[in-house]
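You will see subunit A twice below: alongside subunit B first, and alongside subunit C after that.
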Partner chain A sequence: MRFHVVKRDSCPLWKRLALYVGAVAAALVLGGLLLLALGVNPVAYYSRMFTMGMVGNKIAYKSFENYLKVFVPLVLTAVALSLAFKMRFWNIGGEGQFILGAVAASAVAFQAGPVLPGAVTLLLMCLCAMLAAGLYGTLAAALKVKFGTNETLMTLMLNYIALYFLTFLGETKATWNFFLDPTSARPIFVSFAKTVSFPRIPMGKFGLNVCVLFTFAVGALVFVYLRSTKQGYEIAVVGDSAGTARYAGMKVNTIVLRTVFLSACLIGLAAAFKVGTAGILSTNITDDVGWTGIIVAWLAQMNTAVIFLVSALIAMLQYGSDVAAATVSQVDSSFANMLQGAILFLVLAADFSTRFRVVLEGKGGRKHGA
Partner chain B sequence: MGPEMDKLGVVTTFLHNIVVYNIPLLYGTVGEIMVEKSGSLNLGVEGIMAVGAIFGYIVGCYANSLGVGILTAFAAGALCGLLFAVLTVSLQANQNITGLTLTTFGLGVYFFVGNGVKAVRWPAMNDYPAIKEGFADIAIPGLSQLPVVGRGLFDHNLLVYLGVAVALAMWWYLRYTRPGLRLRAVGENPASADSVGVNVKRMKYLHICLGCGIMGVGGYYMGLNMSGSFNSSCWINGYGWIAVALVIFANWNPALAILGTFIFGFFNTLRVSGSSLAAAFPGPLGWLAAVPSQLYQALPFLITAVVLVLTSVRKREGSGLPASLGLNYFREER
Partner chain C sequence: MKKILAMALALAMTVSMAACGSSGSNSSAGSAGSAGSAGSAGDVSSEGNADFKVGAIYINSKSDTAGYTYAHNHGITTAMEELGLDTATQLVIRDEVLEDYDAVATAVDTLVGEGCNIIFGISFGYMQAMNDKAAEYPDVMFSHATGYMSNDTNFNNYFGRAYQARYLAGIAAGLKSLEMGNNNVGYVAAYGRQYAETASGINGFALGVQAVNPDAVVYVKELGNWADEVNESAFAKELIESYNCGVISQHCDSAQPQIAAQDAGVFGCGYNSDMTADAPNAHLTAAIWNWDVYYKTAIEAAMTCGGAENFVTAMGGPAYYGGLKENFVDVSPLNEATVAQGTQAAIDAVRELIVSGAWDVFSGVKLHVTVNEDGTATVEQEEAPLLCDGQELVDGALVERDAQVVEAGGPSVEDGVITGTMNYFVEGVEDA
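Up next is the complex of A and B:
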């Protein structure tokens, strides 16, 4: 029996949801079997992971605050990347852009923090981080537009150049290096001034970091921007076919440059939120959000609302497994990486059935050619 | 031994280290060249090398055989390749996403398996004489007697020679054989290759698995280089990403990859031994001590970025970049 694969025109939402939920469930079952093999009760482990240790915990609000600290940079980075991906510009330089944003924000925090009011400093941090990250991203876009340089490979290289720049700052004791603690003999990063920290809105014991509100606001703006503005429409057309866009009289190069700049800017904003909340720089400041954000944006098919949902789940997986690892010593956080990988592989496989259909050819079907 | 001899000894050690610590890069690069020549951009090199390393090392030790270790590492890498091929070739999944996921997943497997085995009993390389002897240096008669470069370049372990042999064999395969030509055609334009009767799917599956297997062996080599001491930092330590860069630097040519490995390896070794060179030759090389080590780490990526720009400025003339790299081939859309 022969078969061939054809594209689907559309796939009903319920069917897609069912497939994705099924894929996640299958991955969890696989992980559960692995846990059983290790002598760990999978139900206990998973319930601890998904509740993130918040049930029956007196300081559950702390857990939730920490969870949001994982969630905010991830979702903002993924939303930012989705802008470029929608245009089929493969910006995998999220890591590098995030790092430059974080360094720029920290530089402002050290230089302006002691003299300016906290709110002004924080605003300046956001602006400088956006500018630094934005320009770094635009570099790859400009090369792509001007010379056709492969943006996937270029942004990949720029990631590592930024990373080693950050490690250089973090490991070099020198009088000019204001990023480090001058009182310590070993090179360690120094904290920002106390005033340089995003305020929290108290809600009982729980404090809601304003960055969370800003993140949702940015998400809403991007949603509207992509859906209802001329520029958003242009992004969609360029993503569909650059040739069509050109034929329709759109300035494709300008659109690419503008969108990638905007995308990288938002990654810079995510970095400013991150350092402005942590109050200190570190060499692993990104927490790999530049990588994870790519996966989130793709899984959500660049839909802003879905990105929020997927980010919430991935952040839960990452933070929850850290919490669970603290109580179950046999399983460390490498399990979360494997589980995340398994979930993604299965979702990618499920994705196939939402886009394609396998058609079996009976005996009386076509034989050769058309 | 006089001070002059000592100085030459520093140079010899330097050359020796360039080879020993960087040939794993050659495995990763050559494997990735094979995968990319089939038109697939696989960003999972780091994870695949890690998976090859952990299984190769553990199984090799338990079997007390370097050969078994190499074969296991190859098989583990090839299995990762099979996963990549099923998802991207058959199921049309995005290559970037699948590759990045493979890296996360592979590193997860590395630590999960490593920590699991460590909790029971970690095999120490010293306890396995066959592995230690198999990995010992073998001097090439004659050449290894040359002054300075002799011991630097021609007195190495089996995996060094194997790596160079694999690279040369692949260069020959891609350039002079029929299947090699077909493979390049698939990477350039799968639809045309398909129309003249090349089985695109089979070509992709085969070469993705083969290439990933080679990466796995490179990972195993890195584990042996670390004498199999397992701790919180992964043996691969970013070499997979340098390999992705080196593919571009070598212009998708396995023979040039050998040269590229030496150039990248030169900087990588300067990072470690720059200070001893500076001490041996304070006059001409004293400045080496002042270069920050992070610059050496960034150099492979900086150089590759420049190469990327330069080749794109000159357009595609002479570039080995497969034209359909990163694009899935969907037959019905031909």
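Up next is the complex of A and C:
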């Protein structure tokens, strides 16, 4: 007996939602059983997780600020990746592009920070980060266009080059290395000047980082770009069929290069927001957004508005599990990671079954299974 | 996990391009759940401290059963139990926190939000975020291991004189080398001159070896990484085979060098914890940390100092740097099956000199330790300059320097150098 995976034509929205909710519930039940085995009350644990520990927290506003710090880079990266994915260009080099953006932004912060006003420096940081990340992404696109290389492998491998470059910067004490603190005998990254930091709009004790506003603005622009512009239409056509696009007289290579550049640029912007908020570089600066962003973009089916929703939920899951694990001595962050993984895996499995169905093929004729 | 899922998706996307046809099977790797529960002490907390909360930020998992994070977690829970605090309700831990500014700052916010009164951070890269957060939360006490930042009120750092324990382990290694008639001693180190922590450990050990065997040479092989089990074993083998080393010491997390020594039929000195169980036929003794000694002192001070602003004063200064005297560092019980005759007597005699404050390792006085026929040890003191090999590491390059570190009879090298800027090897240490 053989089986085939066949694409579904459509799946009603209510059915999709029911499957997603069912998947999350199944993961929570599974996690709940494991929690019980560890002697932890699952209800108490989950309520802490989903409220991100903000109930009864004397500095809950801080929790929300920190939650936004997880959310902003993730949503921007996912939006950026969706641009390329829509065109069926599988950019899994988000990590590497993010790192190059972060390094470029930091270089500007160190060189321009002491001489230029803060706002100008921040603007320059964003621009340089976008350029650096954009070019790094375009490298893989150019190789694909020119030599037909596989972009999935190429962007994946470029991730590691970027990562080791960053590690090299972080561990190499030398007179040229202005990224490190010269006063420390041990190599550590040095902080930017205090003026080089994205301002926060005070709302009582809570401070809203302007990056959050910019992120929503970028999201709106991308939404309009994909839906209502000629270039957005071209992306959709190339994604559906490069042959059709060519036949219609579109310059496919130009469109690929342009879109990948734009996609990587936005990842660079996410990196600039991240380092411009933290005020310092680190070898763990990406927080895995290049990977998580792929999951977000996929779950949201490249829909910009839905990406915001999914990012908000995944950031909540990520932040909430860390907080919940902190107060329960039996639960460590490995468990929190496993629970996150189980939820994502089952949701993706549900997602898979909304898009595809498995067709069993008997010895005789054809039988169709669900 | 997320990386695996993302990769699976990338694969699925590539496959889905080919529309229908191939039979797809999704594979996933599940990570193992955690086991083991942190020990919960009695139900009753001591009067008045029932509200006191300890926070901790770890680099690895709090349910580890060996290694650096385990050593700290064990130290904190032991200290809390001794002080009558309940580790189940009064200890809040954020574990697997990366050395990233935002990640550490967020972890601190979480712990402060949970009402922690004192927060310990155990990894070097947490320093800057903890420094800034100490200023932001003046009513919370902060304590950072291995770093050098602090303030005058609520933020201190702590580390220990591991070089003293290393010196004692060096005596055991030196006596063994005399017994074997092999002057070559090996040392697998995470780093060498780049970090004062590793350089002072290597130097302390080498001086201990030389105190009993002046002809010994310590060959150092650097991993360039704090944890790398594969090379920890491979480098030990190379030291044994290519450099003919008979005793292998180490500055790395796992017991691999000791196991390699056992496999080759030679001997070794471990680090961090007693590694006799890992290599019973090779291990002599290990330089170890008793972190609970510090944690008990710090938590006790935090509970009684009457306000976070008094914490640093109560701790006697911004940098806690305990040693053999405080029992913060020590050597593990000698493995009687392997050590040379008289090792215990020799170590005890030198320990007494260090604990009493009469002598310290990096000073202008050299010790000559000899084991007598009857198994007792004689320690002679000689005023002699402390010499290095005439090189130091500056910005990644070896440059020449004055070979004399301390003049004959001179005082010990300053603590700030031992913890921060020691970037040279003493005479008798060779790069391998």
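Basically, the second predicted complex is superposed on the first by the 345 of 370 C-alpha atoms of A that agree within 3 Å, B and C clash if a C-alpha of one lies under 4 Å from a C-alpha of the other, contacts with A are read in each partner's own complex, and residues count from 1 in each chain.
Everything below uses one rule, namely that a residue touches a chain if its C-beta (ideal position, glycine included) is under 8 Å from a C-beta of that chain, and two chains touch if they have at least 3 such contacts.
A quick note: this is a predicted structure, and the numbers were derived from the prediction, not measured.
Engineer: For the overlay on subunit A, clash or fit between subunit B and subunit C?
Structural biologist: These partners clash in the superposed model.
Engineer: Could you look at A:143 and tell me whether it touches subunit B, subunit C, both or neither (first, second, both, neither)?
Structural biologist: Only subunit B; A:143 stays clear of subunit C.
Engineer: Quick one: is A:174 in contact with subunit B, with subunit C, with both, or with neither? Answer first, second, both or neither.
Structural biologist: Second partner only, subunit C.
Engineer: Could you tell me if A:234 is touching subunit B, subunit C, both of them or neither one (first, second, both, neither)?
Structural biologist: In the superposition, A:234 touches no partner, neither subunit B nor subunit C.
Engineer: By the touch definition at the top of the document, which applies to A:348: first (subunit B), second (subunit C), both, or neither?
Structural biologist: both
Engineer: Tell me which of subunit B and subunit C touches more residues of subunit A.
Structural biologist: C
Engineer: Which partner does A:160 reach: the first (subunit B), the second (subunit C), both, or neither?
Structural biologist: A:160: touches subunit B, not subunit C.
Engineer: Please indicate which partner A:332 is in contact with in the superposed arrangement: first for subunit B, second for subunit C, both, or neither.
Structural biologist: After superposing on A, A:332 lies in contact with both subunit B and subunit C.
Engineer: Does any part of subunit A touch subunit B in one structure and subunit C in the other, and if so which residues?
Structural biologist: 4-7, 38, 90, 92, 152, 156, 172, 291, 294-295, 298, 330, 332, 334-335, 337-338, 340-342, 344-345, 348-349, 352, 355-356
Engineer: List the residues on subunit C that touch subunit A in their complex, please.
Structural biologist: 1-10, 12-14, 16-17, 19-24, 26, 28, 30-34, 37-38, 40, 61-63, 87-88, 91-96, 98-103, 105-106, 109-115, 124-125, 127-128, 148, 194-196, 395-396, 420-421, 423
Engineer: What residues of subunit A sit close enough to touch subunit B in their complex?
Structural biologist: Residues 4-7, 38, 90, 92, 143, 147-150, 152-154, 156-161, 163-165, 167-168, 171-172, 291, 294-295, 298-299, 330, 332, 334-342, 344-345, 348-349, 351-352, 355-356 of subunit A touch subunit B in their complex.
Engineer: Mind listing the subunit B positions that touch subunit A in their complex?
Structural biologist: 41, 43, 83, 86-87, 91-94, 96-98, 100-112, 115-116, 119, 238, 241, 244-245, 248, 292-295, 297-298, 301-302, 304-305, 308-309, 312-313, 315, 321, 325-326, 330-333
Engineer: Along subunit A, where are the residues that touch subunit C in the complex?
Structural biologist: Checking each residue of subunit A against subunit C gives 2-7, 34, 38-39, 53, 57-60, 62-63, 66, 69, 85, 88, 90, 92, 152, 156, 172-175, 184-188, 191, 274, 277-280, 282-285, 287-288, 291-292, 294-295, 298, 322-323, 325-327, 329-335, 337-338, 340-342, 344-345, 348-349, 352, 355-356.
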